[in-house]
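There are structures below to look over.
In what follows, chain A forms one complex with chain B and a second complex with chain C.
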Partner chain A sequence: MSETHTVEKAPVRISGTPTAQSDPVRGGSQRFRRQRAAMFGFIAPALLVYLVMVIAPSLQSIQISLTDWDGVNDAYNYVGLSNYEDILGSERFWNAVKNTLLLGLGSAVIVNVISLAVALLLDRLHHWQGFFRTIVYLPALVSGFIAATIWKYILNFNFGAVNTSLRDLGVPTWAHDWLGDSDIVVSVLLFLLCFTLGGNTTLIYLANLQSVPQELVEAARIDGASGRQVFRFVTWPMLAGAVTVNLTLAMIAGWTIFDQIMVLTSGGPGFISETMAFFIYKVGFGEYRAGYGSAAAVVLFIVVLVSTVVANRYMRSREIQA
Partner chain B sequence: MSDATMRITGTRRRTVAAVMTVLGAVGLTACASGGEEEGAAAPDKTEIRFTYATGDESWNGAVKSVVEAYNAQSEIATVQLDPLTGGTDYATAVKTMDATGNWPAVIDMRDTRTYIEAGKLAPIPEEVTALLDDAVYSPASDGNVYVAPSTALNGEIGLNIIYDKAYFAENDLEVPATYDEFIELLEEIKANGDVPLATAAGEIWPSDQLWKPLASPVFAEWSDKGGFWAAVEEGKASVEDLREPLDRLKYITDNFVLEGWQSTQDAQTTTLLVNHQAVMATSSAGIGRLNDIHKVAPDFEAGLFIVPDDEGHINVLKNSVNGDTLSGLSISAQAKENGAEYDAAVDFLTYFYSVEAADIIEQAGVIAPNIKLADEITRNTAIPGAEDYFALLESPELVWYQNETLSPNFSAFNTFFRQTRIEMQDGQTSIDEAIAKSQAEFDNTITAG
Partner chain C sequence: MSTTVPVRREPAEAQQGDPGRSTTGPLRHRTRRGTDHVRYTVGEVVSMAVLAVLVLVVSFPVLYALLNSFRTYAEITIDPMGLPTSFKLDNYARLFQETAYGEAVLNTLIITVGTIVLLIAVVPMAAYGIERIGGRTSRWVYLLFVAGLMIPFQVRMIPLVKAMNEVGLYSTLTSVILVHLGGAASFGILLYCSFIKSVPVEVEEAAHMDGAGRLRTFWSIVFPMLLPVTSAFVIIQALGLWNDFFIPLVFLDSTSAGTINVAINRMVGLLTSQWELIYTGAILALVPSIIIFAAFQRYFIKGMSIGAVKG
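After this line comes the complex of A and B, so read on.
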């Protein structure tokens, strides 16, 4: 519907407002304000819940991070910045930061590369595309907790399907303690994480591929471009927005990975596979150190914010060039 | 939009509104009648929840049987079981109940001092404690008793090694009488081409099963002086004093433990044992583990022993009745506020510590709590291997020691210490590093308060 149509109708509906009748532009502006108020009215309940349930506790965690609160007792003491000092001097915390960055960035890159390749294959399918799209998306329908539990059975050292198969195939030396070998456990977690994240990413790429203007592709082909050149100079730039969205989502999912760690390794063996989210949970809830855990949460927020903004800025600049 | 369309839409809206009103009314009526039916189903009985941490099958079965028996005979209350299943994080579950004001009336308590100090628990009345052996409970600093034992307080005698008796007989092996004999036993089994020992660290806490018997000689030395950890807090002892047991732990892990222990779950060690993938397995379930083995492999001949020290003493930690590791059944302060729930909880605990309930617990394969009328309990001697357990209790080499830890932060340190040991056992760090890290963490979380 055009704007003109809306402005013409406005004086008729806003009865009893001579100014509006005499000034269609001003009448439209009032109507827009009223619409905006109505829209705000619609989102107000959700906004209220969000403010009370998410924003307020998040802000309160800054206050708690300056205390020695155990999470249960009403009494606590302010301890200044000592929680932050302890965290920043903790080898365990920095190991968790390293794992978080590794899993966040690693999963973002791997998932995006694989998903883009799968989306390109799906885009070229002329038959059974719906079936294969469903197959690709299925892992994303399973919750991280359930998927991790299934993987835990599959990768069990003594009774798991992977090691049993390897032993049955006559290559017992290939059997590993996939979730207990400190040399490989973080890589195994990275591999498992990519499974869960791939479905959504593939669908976003596929939707973007299918909206690439065909006239551009055909023009490039008429100009003699090879398939690779068409992808490099036409398709890839058109996917820039999707790359930004997918990388950002994948990084955030990686930064906040928790359930897989909880189920698969409990952060072990030792502390080797702890991530920041798991570390916060462990000290804040399991060890009754809510103040210390809140300080770690504040640090995690800063790490996620800075790294996401930097990554986004780089990707946005790429979009502009495209 | 045309007038006709608006009229149709308006009519449709009115129709939908009317239908919704009717449905709403029907729904409300249904809800109301449902409520009446539920109320009619349990007249005059107070419904309370009993939250407990699930364990081995024997313990789960014992709790279920006692609650069913209580519900069948009680005229004042109905107890609903509220199990915290395996994998549930106990601390998080209890904190969630606390944050949502959803405390059960009776709870299988851990980290008890934290909750006593926060005023979350109600005193257990004398009519309940009078049923118990006086040695198994103790008043807190305010003079009230907040925790009563859920099973027999036989200390950590249930933390032991379960072994394949048939294998021992076939290979002329004997239960070790000293630590050196234990090492020789491991070497002999290994020389036979078999794996001596299965242990677990997948859930972190089972790593204590191998560690504690090795460290107990050091802990026992400090028993009469207030306990080892209290001595560390006072600067009279240090984590360095645990170097020898840490050395032994590393040696046993490197040479005799079944591969994959880092990710093995506690319950899997039973499977590994009965599948003959290892000749022995660590356990902390005591007689319950023997019962579980008997259920899944009736022909398997299991026995148990505790790793002795160099002189042949069997050092066993006495139960804490007032320290940070204190655990058992408690009544919530929320139930106390309710009144009727508190009365129901007291009635349930009174039954729990009766001879009738003790017999039910014994039949399920768990040793009943230490009640005053213990002589009237019908003991379950039918579990194969149980005689080893009772023999340990009578052993002249048995040395009870105490290691009370009053700091509410001890459980936080203990989790860190377990993970540090696993890290060291796994070869990620040296023993020197493990000692230094643990001492620094102790100083930070316990000594500095």
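After this line comes the complex of A and C, so read on.
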């Protein structure tokens, strides 16, 4: 193949007549076009799966949200925007929004603070840093689901380790129905969500801390900056990119927080600890109101989209200043 | 382990031996690689102690479950804070005999491996196609894919269940794999596209000239060069798929044994009294994650760092 290629081309270049000159150009564009077609062939399988599994159902969600479909029967009616009106007037939905903000976004911020603190500690080590980085990461291998399942039993009112220990220590009044008391359940959930050393988030902060130019830190120190000042005016601005990445990732995950709620409280007692993701699941599948659930899903999508774009824009602007 | 970002430190290196500064901060990075001859400082030892305590505290639930997986139901409920008297594997045996845990493990394995194989078959190729087409078209395709990162699973959940029911795939492992594929494609395209940008076109052109077709050029020349990003992608996906709870919960009903997490969740519902089996199941579910992490730790931390430093 390669031989014929060069043989074909050689006379063209030497001859130099107008027709011959245009030949390689046309040949090139043809090859280019064939290549483009091949490249679209490369994209096609992934694009097909993506369109069928993500884009099409997302759009269909909008359609279903305009109906009173129950999720089971074939028959349904279009009801206009009444599902949206119901949702926006529903106290239960707003409670779910409040919980999502507190549990999803609140925990996102707190976990980022914890991760940064752990990364700063790791960055101080000159011995055994690899070892400590590994053991700090290990707890993050436990999925939210597994951790929640274990906590559910540790926090059990009658036989749980926490309440039993409190009774044994002589302070039985401190024992609570941790997951069943509507006054404290959301705080307990927030605590459990923040009971982590960050895992990936910590690794990202650590990698960025280690890429802070050491000359800057030294220059600041020579100018008499204290450790705190170095962090505030040198390290922290240099971490802006990592903060953007970590907070964006944590925020997207936070908006859709589900596993822990499902396992620990199932949204209860009553509807007290529902989040938006749990609300959609419960309404759509548990209460046979697929149309209503879809409307809530569309609202969730809009919220995620707007907040991600706005937060990203804000945080990116901070990065440029830094 | 020492695969951290090798950066800066030209001027710093010159002062390596300066003993007067070894107790202060600025010297810290110089000895990260190579032999450590910096003395331990008070601050460093305190940091180590704090980290060790934090790890122990955060690991408490898992350690607690591990200890209790060796105890009987009576022991656990009578004395929740007691220690196991023996390390017999009775609970582990019972878990497989009395519940559908074994089948659930197999299902989880099929879903995890199946999804990853299919992802690797289509995603790198698509990302390559997007990067090589170039121009406005490829930008739009790229944005279309990446927009998926902002579409929560809940948004597509209800229509997908409806569609899976209509085509008769509901409550099959295939449905779970397909749903995962769509969800992971966005992240994959994002990751691979940013990496392929740095792969030189000349090598492929040479292979192409030598008569290799586009597909062969891709799989034999380009794909091996993507190994770093592939390993990061596979590890992240493997852990995510193994640990996923929501998608199998929605797409697998009681006709299926479910995945590990779904099976454990059903035990919570049905066998509320068999705490010992739930602890045992939870501990067993962690084993593959730990193996994956131990085996691929280097790639793992490197992969996190690649994505991170780029922002």
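Note that in this section the second predicted complex is superposed on the first by the 275 of 322 C-alpha atoms of A that agree within 3 Å, B and C clash if a C-alpha of one lies under 4 Å from a C-alpha of the other, contacts with A are read in each partner's own complex, and residues count from 1 in each chain.
Operating definition for what follows: a contact is a pair of C-beta atoms (placed from the backbone, for glycine too) under 8 Å apart; a residue touches a chain by one contact, two chains touch by 3 or more.
Here the structure is a predicted model, which is why all the values come from computation and not from measurement.
Look at A:Glu287 in the shared chain and tell me whether it touches chain B only, chain C only, both, or neither; answer first, second, both or neither.
In the superposition, A:Glu287 contacts chain B only.
Could you say whether A:Ile204 touches chain B, chain C, both of them, or neither, answering first, second, both or neither?
After superposing on A, A:Ile204 lies in contact with chain C but is clear of chain B.
Regarding the shared-chain residue A:Ala277, is it in contact with chain B (first), chain C (second), both, or neither?
Touch partner of A:Ala277: chain C, not chain B.
So, A:Phe159: does it touch chain B (first), chain C (second), both, or neither?
Touch partners of A:Phe159: chain B and chain C.
Name the contact category of A:Leu81: first (chain B only), second (chain C only), both, or neither.
Neither partner.
Between chain B and chain C, whom does A:Gly71 touch in the aligned arrangement: first, second, both, or neither?
Once the two structures are laid over each other on A, A:Gly71 reaches both partners.
Which partner, chain B or chain C, touches the larger number of chain A residues?
Comparing touch counts on chain A for chain B and chain C gives C.
Under the contact definition given at the top, report the residues of chain A touching chain B in one complex and chain C in the other.
71, 159, 263, 281, 285
List the residues on chain B that touch chain A in their complex, please.
Counting only chain B, the residues touching chain A are 87, 89, 91-92, 95, 98, 111, 114-115, 117-120, 201-204, 259-264, 268, 271-272, 277, 408-409, 411-412, 415-416, 419-420, 422-424, 426-429, 437, 444.
Mind pulling up the chain A residues that touch chain C in the complex?
Residue positions touching the partner: 1-2, 5, 35-36, 38-43, 45-47, 49-50, 52-58, 60-61, 64, 71, 118, 121-139, 141-147, 149-154, 159-161, 164-165, 168, 195-197, 200, 203-204, 207-208, 210-211, 213-215, 217-218, 221, 227, 230, 241-242, 244-245, 252, 255-256, 258-259, 262-263, 276-277, 280-281, 284-285, 290, 293-294, 297-298, 300-301, 304-305, 308, 319.
Enumerate the contact residues on chain C facing chain A in the complex.
1-2, 4-5, 7-9, 11-12, 24-26, 28-29, 31-32, 36, 38, 40, 43-44, 47-48, 50-52, 54-55, 58-59, 61-62, 64-65, 76-77, 79-81, 121-123, 125-126, 128-130, 132-133, 141, 144-145, 148-163, 178-179, 181-183, 185-186, 189, 209-211, 214, 218, 239, 242-243, 245-246, 249-250, 261, 264-265, 268, 275, 278-279, 282, 285-286, 289-290, 293, 297, 301, 304-305, 307-309, 311
Please name which positions on chain A make contact with chain B in the complex.
Going by the criterion above, the answer is residues 70-74, 86, 91, 156-159, 177-182, 263, 265-272, 281-283, 285-289.
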